[in-house]
Amino acid sequence: MRRLYSSLVDGRGFDLCLIGIPLAFLIVLSGVPLIYNVVMSFQAVDMFSLGSFIRPWVGFENYRQLIAQPEFWPIMGHTATFLAASIAGQFLLGFALALFFWTNFPGASWLRGLFLVSWVMPGLVVGAVWNWLLSGDFGVFNFVLRELHIISDNVFWRSDPAFALWSVIIANIWLGASFNMILLSVGLSSIPDDLYEAAELDGAGALTRFWTITLPMMRSTIGALISLGLIFTLQQFDLFAAITAGGPNNSSNVAQYWAWDLSFKQYDFANGAAISVIMIVVVMLASVYYVRSTRHEVRG
Amino acid sequence: MTTQIEFSGVNKHYGAYHALKDINLSIDKGSFVALVGPSGCGKSTLLRSLAGLEKITGGDISIAGEVVTTLPPRKRDVAMVFQSYALYPHMTVEENLTYSLRVHGVSKGERKKAAAEVAATTGLSDLLHRYPRELSGGQRQRVAMSRAIIRNPKAFLFDEPLSNLDAALRVHMRKEIRALHDRLGATSVYVTHDQIEAMTMADHVVVLRAGIIEQQGRPLDLYDKPANKFVAGFIGSPAMNFLPATVAEGRAATIDLGKGPIRLTIPVAAPIGSSVLIGIRPEHITLTAPGEGRFDAPVAFTESTGSTTFVSTATNPELMVVETGRRMVANGDLVGLAFADTAVHVFDGATEKRL
Amino acid sequence: MSETFRNRLLLVIALLLAAIYLFPLYWMYITALKTGSEMFATPPSFWPDDPQWSIFPFVFQLKGMGRFLWNSVVIASGSVALIAVLGTGAAYVLARYRNAWVDVGLFLVLMLQVLPASLMITPIFVLFTLTGILDFPRTAVILAIAAKSMPFFIVLVRATFMSVPMELEEAALVDGNSRIGAFWSIVLPLARNGILVSAILIFMQAFGEFVYSKSLIQEIELQPSSVGLNAFMGPNTNEWNRIMAFASIYVTPILATFVLLQRRIVSGLTSGALK
């Protein structure tokens, strides 16, 4: 008893206690559900067996059913489009803004920080605002595009199957570009000035300096950011709920929304679990890459 | 003299790395001991083990007769001055000084009194209500020292406390720390990589290398009778000259500086034909006219600081000579080198131990 | 071109960029203030002719927003309290040591950080049903959010602890304090700002949380504002001024907090996310 007390106060016990409780908490509330999800994806689950642990084992039947559904491949395709377009859009817009604010004038850092409101706002509010902005007949977005003569007729962003997914992508780019910009700004400002001075003395022009110094020096930041973008984009749910709800006719449905829709709208928990398992594997792979790039950053 | 601190058979492993190898060391009450050695030699690890900040993996440490090996730092009653000073940035100077008293439950009035007393002796009275960030480097150093003094601990531990100060202040603080030690009659253990600090401040110098005590003793004994080539080269600046030599008949050895063998008398007997190292300190060699010294050598390079001239010879190996005053020799001049027989140290060629 | 002229020009461009980027926010507030007919005018008006300030108390009453906001606050505060109490200790241990075990722990934490809520909700719902936690829906949401956001908090706060020099803690130990004492009186006060900023970020996230609340809370009286807003937006609604008023009331406290603490939040975020 004395030894336990003294270890808690002076020794290893203190550390073990501090790390042990949160780790146990996380294992119970994240680790167990994660494993249970995998188990469930191999079971037959319906409304009646929801309340019991023991359910019939069906092997890969849920996965087979899932892939056999006509909407499976279109939804996977939408997910890929959503990921690629969102990440590319967020990154390019964020990089452009970061480069502009890098010129460093009085007030730059404060104004730059202000952009981040798009990221701290509740996703559902962002969705609601963009839902209204993208409204077909009365949306101000269509009005601006008409005034700029980019379109001649109103685009029905949310209800036209060809555009529904893009309306969510636009909102998502707006939401995430500022976060990209802030992290890229940090990366840019950590490049030492004397590198540029040396390159200038060596006769490198502005564009050459960008290609030969800025981009290579930013490599690990960019790697970390793209994988973070992948992770955040796969987590994006609120915008779908607020803008299109996956419609019309699944034309804007993506895997992470579908998983929820299967479980909570169609009460098909087994298939919901199966699609979740597939997507979680994807996220895990992305995060391994993220962890590796941030490691690289630390050890320089 | 009673023993205040005792290391017996202390070992420290970090995984496969053996940082302290069987250290035995006893420190007398009231003495000032310097642990000195190149970086990575284990001197800081030894000090931190004494403080309880590192757990040793073998052996025992005792302070004032009590075995403290398994005790946490707070039960060892030692004070420590860190290299970075480790002043608590969110506390004023006064709060920094009295932190340990507060931890030990001393009342507020007592604490204020104690802080005022210590501050008066260390010249911090006007700074008691400042924060560490508002102090200069020297003042921070003083606060760190005062924080140790206020407790009247069983031992003072110093971990390279002067390495963040500029050269002039460092020389000044050397004297101040030593004077403080004498006034308090304390037991101090001082870690440094600077052999001059160790030589000038300590009563007893312990030279460490690769986790082993190479030699310990009074500073001038280490200078006069280094136990091996490492200590000989480490103590004294500029470093001792080493010349490979072969033992010849009649207490002599021959060295070869590239221009044929030169015969030198050595103060010890050694098997004829064995190879040895001859060591001569630069300050024990004087320059003479060619032909008037032990042998002649051409000058490769001279540097003068005004009070002292450093001369390197164009020989293999190169010899360094320190002359007091200005010596007008030009590169390429031939000079004679003279030294007394007693200035010659001889080390075994294989074990590098003193013969 | 002189330095000041260059700076002014850049500032004007920057303000313009910010205005364009933040236009959706402006449009939210402006729409809320418009009358029903002005809202659907073509071309749209960019400044309300007759600002309807009364819409805010009206929507607040109509939709019972007091209850929604209160639930949001309860859920966010509960999550932050749980996360801060548990996460701070974990972050400290992960910052203090550098060995294989810490690497494993850090890797686990980062992995848990990336699990999407909408994918985790299925097993969580089933498990909460089985264990009966679902009978306390707000507690269930708090637990789920805590598990989801704690890794992020740990990553951010760990960066703060890394910036507190180890020697300070060691000095406190030698000065006679225990590990717990040194943690309380030296390490925590020095990391206070970072912990606060991270807690605020987590609060903002939890305040806007939707997936868990939507899936785990059936009773309207217990739902937070995000679920309320979602229910307000039917598929073919034309009450946009009211919806935007709801959104404005919901989001303004968050925006105000963010603008006030912007500098600290941004620096806290950037030190944690990449390092």
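Should a chain be cited, it is by its letter among A, B and C, assigned in written order, with residues numbered from 1 in that chain.
By our rule, a contact is a pair of C-beta atoms (placed from the backbone, for glycine too) under 8 Å apart; a residue touches a chain by one contact, two chains touch by 3 or more.
Note that the structure is predicted; figures quoted are calculated from it, not measured.
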| message | I want to compare two interfaces, A-B and B-C. Which one has more contacting C-beta pairs? | response | B-C
| Farthest chain from subunit C, comparing Cα centres? | B
| remark: Between the Cα centroids of subunit A and subunit C the separation in whole angstrom comes to 15
| task | State, to the nearest whole Å, the distance from the C-alpha centre of subunit B to the C-alpha centre of subunit C. | result | 55
| request: Specify, in ascending order, the residues of subunit A that touch 2 or more different other chains. | output: 9-11
| Multi-chain contacts in subunit C: which residues touch at least two other chains? | 178-179
| remark: Residues of subunit B that touch two or more other chains sit at 72, 74
| field | subunit A contact footprint on subunit C (complex, rising order) | value | 6-7, 10-11, 13-15, 17-18, 21-22, 24-25, 27-28, 31, 39-40, 42-44, 86-87, 89-90, 92-94, 96-97, 105, 107-127, 129-130, 143-144, 146-148, 150-151, 154, 178-180, 183, 201, 204, 207-211, 214-215, 225-226, 229-230, 233, 235, 240, 243-244, 247, 250-251, 254-255, 258-259, 262-263, 265-266, 269-270, 273-275
| request: Name, in rising order, each residue of subunit A that touches subunit C in their complex. | output: 8-11, 14-15, 17-19, 21-23, 25-26, 29-34, 36-37, 40, 45, 50-53, 97, 100-101, 103, 105-111, 113-118, 120-126, 128-133, 135, 137-138, 140, 143, 174, 178, 182-183, 186-187, 221, 224, 228, 231, 234-235, 237-238, 241-242, 245, 256-257, 259-260, 263-264, 269, 272-273, 275-276, 279-280, 283-284, 286-287, 290-291, 294, 297-298
| remark: Seen from subunit A, its contact residues with subunit B in the complex are 6, 9-11
| subunit C residues within the subunit B interface of the complex | 165, 167-168, 170-179, 181, 186, 189-190
| message | Per the contact definition, I'd like the list of subunit B residues that touch subunit A in the complex. | response | 72, 74
